[in-house]
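Next, two complexes with subunit A in common: one pairs it with subunit B, the other with subunit C.
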Partner chain A sequence: MSRSYGRYALLRAAQAVVVILLAYIGTFLVISVLPGDPITNMLRDPQNGLTDDEIQQIVAHYGLDKPVVIQLILSLGRFVTGDLGFSLQSNLPVSQLLGDALPSTLTLAGTALLLSVAIAVVIAYGVQYLPSRWARGVLRSVPSLFLSVPNFVVGLILIEIFAFRLHAFTTIDPDSAAATLFAALTLAIPVSAPLAEVLIANLDHESRQEYALVARSRGLSQARLFARHLVKPSMLPAVAMIALIVGELLGGAVITETIFGRDGLGTVVQKAVTSQDVPVLQAVVSLAAVVFVTVNLLADLASPLLDPRLDAKSERDAKSERKVVVPV
Partner chain B sequence: MTSLTGLVAPTERIRAAGRSAVRVPPTVAIAAVVIIIVLLWSLVPWLFTSYDPSVGDTAEKLMAPSGAHWFGTDHLGRDVFARVVHGTASSVTSALVAVSIGLVVGSIIGLASGFLRGAVDVVLGRVVDVLLAIPSFLLAVVIVSSLGFQTINAAIATGVSAIAIFARLMRAEVLRARGSVFVEASYLQGGNRLHALLGHILPNTYKSVIALAVLQFGTSILVIASLAFLGYGDPPPASDWGLLVASGKSYATAPWLIYAPALVIVITVLSVNRISTWLRRTQ
Partner chain C sequence: MTVSIETTREALIADRPLPSTRPEGHPLLSVEGLSVSYGDASVVHDVGFTLERGQSLALIGESGSGKSTVAKSILRLLPTGESTVSGSVNLDGRELFGLPERQFRPLRGRLLGYIPQDPSSALNPVRTIGSQAHEAAALAGESDARVRRRDILSVFERVGLPDPERVYASYPHQLSGGMLQRVLIGLTVLPRPALIVADEPTSALDVTIQKLILDLLSELRRDLGISLLLITHDLAVAAERAESIVVLKNGIVEESGSSSQVFSTPTSAYARQLHADVPALNPDRYRSQRGAASGTTPPAALPAVEVHAATKRFRAGDVDVTALDGVSFTVARGTTHALVGESGSGKTTAVRLLLGLEQPDAGRIEVAGTQVHGQTSAGLRGLRRHLQLVYQNPFTSLDPTWRVGRIVREPLDRFKVGERAGRARLVEQTIEEVGLPASVLSRRPGQLSGGQRQRVAIARALIVRPDVLVLDEPTSALDVSVQAGILELLSRLQREQGLSYLLVSHDLALVRQLADTVTVLQRGKLVESGTVDQIFARPAHPYTRALLEAIPRTSPGLAQS
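What follows is the complex of A and B.
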């Protein structure tokens, strides 16, 4: 396995780099080729108080007077060397802006990830083992409810109930532990739904297997059977979903941070969109692509190790045929 | 009913199973009614409310829901139910535009990848990878900021961010169908590639693609509502559902301004998802 695995790993890593570069180019084209010229509009906006000299400098730095292809090559060259440019809005280096915002978003997204896994496991466990058939049925439809509620509605309801009525946290101090927890919950609820659906489908499948019957006949309690035998095989498809979830978390952060008034990457995006701050937008999207592709790569590389039955080749085939649709 | 199934002969059971497959479960029927009402709201809103969505009576501002104003009134005394009903057309149409873009472009990409394979598959595969690599909501935000803040642009952005998921499903379905025995038989009987594609492969893929399209209709409503909520759609006095929630959140004393449009969004999307699940299961 090791040799073919090494080759598989290398190939996947190379593929990941290509996708990141293409994502950068794609974003660049979307921002600069589509109608409307955000940079020039923004520069010419009298409110910025930029002198003609300063405008000339910025135009020269970004090569805005040159053809798009040259601009793209310049921009790509800077990206590869780690230079993300300067924010048009604040004149700060983009890397500094993102660096300042990152810890807040990582805390939020990390907490949300843990919460969503916890919620999904609780739902999946309940669907299998709740004593009442009626309760199991209700619980089974919870993921589809979670998928139907917009992120911002969840946030507003949580704020309304827990901040305004129960005073469990205040929106004035969005970085407090309690406020972070509720913001993370807002982000976690829609994300937990597809995870729960996959877990439910796989637990349904695994608990019908003969080894589960054998284990039960040996007198294993349901909780033990669940923890010892069923969780591991059911988690594998969930691990493959982790990259999709990370993407959801990054996208959802834009709204969650806006609602809870947190200063994070989402707020940076929001400000950059309103002020047409192109270098910041470009950097955030590229960063998101890097994170997404890296997590995806790690999940792909981990799968054959988690399940020895998947050798590198069949894993590759399975992945390319994998449907995005959540199983019924 | 269940206690009897063990007693009837196997053939009877099979026949019963055949019949029940066509039968529509009650939850699906309710979902269908909801969707029909929502579609009617978007086509003939004036049949459902006599209030003007953009003119209000300031003497009646911020009134709680009542018999006269089902969803209450907003800070200008406008009837919230009227605003929701009149905002439906924009919300539903933009979701339809988004799904159409994703469905058409995604299906063509997936079809070309899966049917032609080779270099086409490799190139289009990378395009799809890239679209998937950017979180779809972030992608929609970037596109709408580049196109300009209008509801139609929000719809286009949502559609573009859904292309990848359609392309992947279509490719998988085409690969599945083209490997099947009946396609091979068609070739053996002298059928050409175009015939196999149109006569055998496409008819065997559209069902799951349609189920995904229905699901994406619900997702698109959510995404467009989110974009409108952030202020990336048409500005007020437009009354897109997401925009209604956004403007309602400044009035803490009038929670119905948030809950009423939010409830409409949730019930609509829930119904759409229910129908999509049913479509997928009855294949």
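What follows is the complex of A and C.
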């Protein structure tokens, strides 16, 4: 399997790089067709006290007077070499801005990811194995409830109950562990719903399979049947789902950071949008693309390792050994 | 080989920790007053039978007769909470229904084994055979992993698996259906249970494999003294493999007794009907009806279908597969020609070439004198008016959201035949021809039975008045009595309308009933062809003989010998 898996992995990685570059180009083109040129506008701000000649020099230095295609190539070249440019607003390097904001957002999104998986697993397991039929029914409807309540409402309710009534955390120090946990919970709750739905559906499906019945007929207990037979096959579609969820977490982080008053990527994005800080926007969108594509790449690379049926080479061996293949 | 059997046997006997109560003179299994209902619907009502030690009993009936429900309630594998079970099941001196799950679980596998219907879904797809076999062996009470491995490999050898080591390391999708069923049988006999419940253990397998698996079960039963409760829909299989038979219909026992008695002197009308409907037992049932049709056309007339040296290759990964290798056959007008073979024999490819869905790599295919390949799509459409297909599975081939009237009318609309009013009349007429009341026209496929759906599929094919019907396993998804009705219908339509049939089937008993001429295919190659009488009386090729032997014997009582 190793050689064909290696080929598969290389192909997938190459595709991922292409997707990231396309995302960068797409963002660049969209920003460049927006009316108004934020850079020239800023340079013309009387506060800067620049003469027209100086402005011309700066514009020429950055190649802003060249056609869009040339600018794109220059910009792409800088992106590939890791140079993200300077923020128009703060004059700080964009990489530094992102570097400062990223740890906070990653902590939030990472915690939220773990929480959402945990919530989904608890719901899915409960739906299958709670002793009371009534409780199973209630639990089964929880994902649709989670899905239908907007992120910010969940956040405000959690702050009201746990910060203001129960004093479990304080909104004054948004980076404390407790505050982070509740912010992550806010983010995790709506995101856990589709994951729970997928898990519930798969567990339902797998537990109705003949092999579950046969395993029980050999004397396997319900708990061991679940642990040994049902978890792995039902997790397979969930792995692809988790990769999609990461995108949602990044989007949701912006809102959650605003509600909980955290400084993070969300704040950076918000400021960049309001002030048309083009290099920052370009960098943030590219970063989101990199994260999203990487996570999906990991999911794609993991799937054949988890599910032997997806291993292309062994599949083919088996077929040629087994019988003549007649495509129907 | 003998040595390994002995080791297996010792191992099996050694790890049998269950003290058997073994009250002498008591039957191994006795079922009394068993009733099962789902909600208000009663599916099994007051069923009772006994099975003696070392004997085998066949529970036979059609789908919906409750035979699988009886099996699952003995195994206590019915979904809890949805079904209500009452009555008594006594196995080896224990009343099974009274036992709490904790006490019943140790009996699973060790006293009571289960072989499922479809081996391809009966093993966890993401775990190796070896790991699942270890689990089964550990449940049987063997704690030493090395001993378990040795037992597993020897039982795999015992059930006729070539290269047990490779099977051990494989995933289920890497093995064929026949091999998987051997694995499952091996895992079931490993703890050497007193009783095995086999639920249609061969219905998902190719015919020649079916016979081998049934032979293996008979052999294991004899050698290891295991009793067998065989669930089947096939009276011929039941009579061949079991000492006694219980006939179920709508959850009620219609008749029970020794195989020879139920088989040769059935007392209930239903058992007599079953007997009459089994193709293997009544080779000449439709012959008199068809005789008139097959003789009428002068032999000089153009054949309805002519396939000459057709070859088709596919690429599967890195290997070229020749699905059809220089195969020729003809269907004479007004007769039935059968293409016979197992999965992978090239039957389906031949049909796809004939319908113009694939292009042959070499050879010539003509329908009523017109070449099929190289036609434009308009030409193909015209051709398909003369050549219609009846699919294998009426449960998936009809659009569930359409009403029957629209399904049957669709070809008329496509081919723009006649006026709108005329089409409606033609639809009604055709529905009547296939033996359905006009009231079905306003229904959807989901409201019809399997047999009715297949009649709808035949009506849809017939309505454009084709010359040739391609029947792709037309009855394999149907129960025997329903199957008999469809075969009756096909024979009548052929006689009345002078249709030519190309029958694609793996079931030689069916072929003998319906076909005039036969072509036998194996791995894409033609191995033998001729008239039905020739092939059945004097098969020349070993593969044809193997297929013929797979037809269950018509005389009962072979189970013992």
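Just so we're on the same page, the second predicted complex is superposed on the first by the 271 of 328 C-alpha atoms of A that agree within 3 Å, B and C clash if a C-alpha of one lies under 4 Å from a C-alpha of the other, contacts with A are read in each partner's own complex, and residues count from 1 in each chain.
One rule holds for everything that comes next: a contact is a pair of C-beta atoms (placed from the backbone, for glycine too) under 8 Å apart; a residue touches a chain by one contact, two chains touch by 3 or more.
This structure is a prediction, so every number in the text was calculated from the model and none was measured.
So in the superposed three-chain picture, is A:284 touching just subunit B, just subunit C, both, or none of them (first/second/both/neither)?
In the superposition, A:284 touches subunit B alone.
Check whether A:219 is in contact with subunit B, with subunit C, with both or with neither, and answer first, second, both or neither.
Second partner only.
A:14 in the overlay: touching subunit B, subunit C, both, or neither? Say first, second, both or neither.
neither
Give one of first, second, both or neither to describe whether A:211 is in contact with subunit B, with subunit C, with both, or with none.
second
Going by the contact rule stated at the top, is it subunit B or subunit C that touches a larger number of residues on subunit A?
Greater contact footprint in residues on subunit A: B.
Residues of subunit A that sit at the subunit B interface in one complex and at the subunit C interface in the other, please.
In subunit A, residues 320-325, 328 are touched by subunit B and also by subunit C.
Name, in rising order, each residue of subunit A that touches subunit B in their complex.
Those residues of subunit A that touch subunit B are 15, 18-20, 22-23, 26-27, 30-31, 34-36, 38, 144-145, 147-153, 156-157, 160, 164, 247-248, 250-252, 254-255, 258, 269-270, 273, 276, 281, 284-285, 288-289, 292-293, 296, 320-325, 328.
For subunit C, which residues count as touching subunit A in their complex?
Residues 75, 77, 81, 105-110, 112-114, 116-118, 121-127, 132, 135-136, 139-140, 170-171, 173-176, 184, 187, 314, 316-319, 321-323, 343-344, 346, 348-349, 523-524 of subunit C touch subunit A in their complex.
In their shared complex, at which residues does subunit A touch subunit C?
Interface residues on subunit A, with respect to subunit C: 133, 209-211, 213-221, 228-229, 232-233, 236, 306-309, 312, 314-328.
Residues of subunit B touching subunit A in their complex?
Where subunit B meets subunit A, its residues are 125-127, 129-139, 141-143, 145-148, 165, 168-169, 172, 175, 208, 211-212, 215, 218, 222, 225-226, 229-230, 232, 242, 245-246, 249, 252, 255, 258, 262, 265-266, 269-270, 273-274, 277, 280-281.
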